[in-house]
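Note that the chains are named A, B and C in the order they appear, and that numbering of residues resets to 1 at the start of each chain.
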């Protein structure tokens, strides 16, 4: 049984759900940048067809957890599975939308070229770009309302437009799981609404969406599940059950007053 | 011979050169620290390579006016002027075009160097240029140096060092915290300029001793080395000066012992040796320390996870965690916890429960404590026995519950 | 063009041009990755590489020299990576530490060993000897079809031509992953691309170009061609493919114009001897960059280009 192997590697056994039934399952994830752990022993389950927000105060390790889950940074301990398989065997099933700020937007390339990058695993090293590939890329741009921008240089886009292009690239990957790092950071309201609509569409089609998120007031509107993090996992589950005053208080501490107000307002 | 060299008993010129190289090394180390902390270390590479066309032009000008083209003061003035031009071009390229600083540095250093080589070949074709020996400025050469030149180097080294010491306070402030420096009314632009001026001075004085290709090493290696030993600005600057000075002194002294031992490379290699030792053994940032710390963190994380698992009455499967537990005497080789293991597991669970409770509490004191929870810190170590008893009393359920 | 063009100028110009293009091609990606100075570092460590190769083999044959230089380049790159990661030192400073130390080691070895009998000195390493790579067996353009004369082409021409071909093929084959990993490393990693290997491969190609070009034309051209033509091309366009094409044009222009100016320029000015072709080629590439920096249509980049409304 796959799950037994998983537990064996992890070193920590809990009465957790069977990872094989989860789109994304984390067990005992611990990450350290040399010193004390930045993320300690986090277990989490993201079931198929759900939309999860990873929330927590600044420096809680949200992006760190996401990057470690993808293998972008090394972990001290822990196991990640995608539909019960280790990540290297499931690359085709994951799409990743990095933080916008991590990119040199002055890079000499066009919007359409960026979206085509999402087709890399289909095209391979030397595969010819055919009309159907171009059409697929344009269709993804259309879904985020950016088809008119296809021939533009990426440096000419606004922050919100850049974020939509990144989402279009993820759509082009046709992945079962989409992981986004702060997709709403520094974008305009129209973009935020467009991105949420696309993500909800993905979820309704049975895909799994996981996003690092920082705006507590929109959690309940946008997402159906939540993972509250502050170095440790403090709560996890459907928003109605896990997004509680107590869990938020444990995560945000003194900042809870503001957090709760935001939540009530939202 | 070596002892003679190190005790400066190899003659007047050699002594002057050694003193000059030491002063130069100190000045370079201190100056380089400002550059390094501003993350612009390789700017000095552009500055040093950009001296070459100035040297060539100065030679041609001095010859044209009927003088001796080899006069060191004239060559140094020329080199300073063209290096300054190179620096201005690097800044213009970065500011007015999309090119990043590394591309601008590379472009300026290669083009100026190429232009300098063109001038050197022009000089070689002149009747007065055949014996110019300008190529010794590429790699430095102190063998058979004129007394006047040796004096100039010693005096130049002393002068640069004096300037550096004079400006060190404001420069340090800019290097470590530019924003704070601004609020204190310091002119950032002017101080950056001053730092570049010092780099220029070090380069020019160093041309004859270390050569323009290697002078950059004296500006980079000592600060990097010093950074291994301290996080405090003043200490880093002082240590960089010491390392630079030691490298200059040892290199110059060694090179005086035999004709085929070029000064510049020896100084650089001496600095590099100090770097390698520091990289290996520095207690806070060295390789050995980092390796040990990473291993220790890994072991602590797995040990803790293993104990929590045992506390829940579940078996540990992972090999590494099992070995750790057994080696610590917490489990028998077959994975069954020993007496000590059961106690440690119960303690780990109790600690987890205490943290959980604390996270639910409000108040600044509790929050300050919770911020220190990294999964590996024992709460008992952070509280007084009284506080701990109070916390335990508040716990709704006893520790060590198996779900 | 006179009959002496083919024997005296054709081969040096070709060699210079091939070397310039071979360096400019990987240079495009080095600049986009903010690794422009890797080229500088590599070209500095070629000297210790060939000195060690000479000390080990005792010959100055091209192959061991090139192998030594290539090995030194890889040692330098590995050293820079190690210092940067293990010592947590910023990349520029890490480079400065490693390549200066290796260069110093090379000079010291050179001075300590008896290499006076062979043509191996620092000046040669820097400037190369482009002017001497002539084709004495050629009598005119007809010699290009004459097998007997072709057999005596300078061997450097064949080496740099093969190197250039290898680089072009490698770049064409790995264009897509290279561009992807350069643009968005994290995303490339999630696709399963071996990002570190791609980075290392690029540096290895740069080292190959540096070593082959160095063999023919010396270090100065190598550094200048890694940086100046791609940097100028960067100011001309916002398309990667177009940028690479521009860089090839600029590299060719620098090599041809630089060689001609070095050979004939002094004569026009009334001087008798030619000046260093390598230096002149670097200088011309700098002039091209200067023109692009003042008048290139895309010199300001995204920040200055004005943003579209969101």
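Keep this in mind: a contact is a pair of C-beta atoms (placed from the backbone, for glycine too) under 8 Å apart; a residue touches a chain by one contact, two chains touch by 3 or more.
Given the structure is predicted, the values throughout are model-derived calculations rather than measurements.
Ranked by C-beta contact pairs, the top pair of chains is B-C.
Of all chains shown, the one whose average CA position lies nearest the global CA mean is B.
Relative to the C-alpha centre of subunit A, the farthest chain centre belongs to C. Mean C-alpha position of subunit B lies 29 Å from that of subunit C. Taking each chain's centre as the mean of its C-alpha atoms, subunit A lies 42 Å from subunit C. Between subunit A and subunit B the centroid-to-centroid distance comes to 37 Å (mean Cα coordinates, whole Å). Multi-chain contact residues of subunit C (touching two or more other chains): 234, 301-303.
Those residues of subunit B in touch with two or more other chains are numbered 98, 290. Of all residues in subunit A, those that touch two or more other chains are 106. In the complex of the two chains, the subunit A residues touching subunit C come out as 67, 70-72, 88, 91, 94-96, 98, 102-110, 114, 117, 120-121, 123, 125-126, 149, 152-161, 169, 188, 190-191.
On subunit A, the positions that touch subunit B within their shared complex are 7-15, 28, 30, 32, 34-37, 40-41, 76-77, 106, 230-232, 234, 246, 249-250, 253-254. Residue ranges of subunit B in contact with subunit C, taken from their complex: 36, 39-42, 44-45, 92-93, 96-100, 102-118, 120-122, 125, 135, 138-139, 213-214, 216-217, 219-221, 223-224, 227-228, 260-262, 264-266, 268-269, 272, 275, 279, 285, 287, 290.
The residues of subunit C lying in touch with subunit B in their complex are 31, 34-37, 39-40, 44, 83, 86-90, 92-97, 100-101, 103-105, 107-108, 111-112, 122-123, 126-127, 220-221, 223-224, 226-228, 231, 234-235, 262, 266, 271-276, 278-283, 285-286, 289, 293, 296, 298-304. Considering their complex, residues 32, 173-174, 176-177, 179-180, 182-184, 186-187, 189-193, 234, 237-240, 242-243, 301-303, 305-310 of subunit C touch subunit A.
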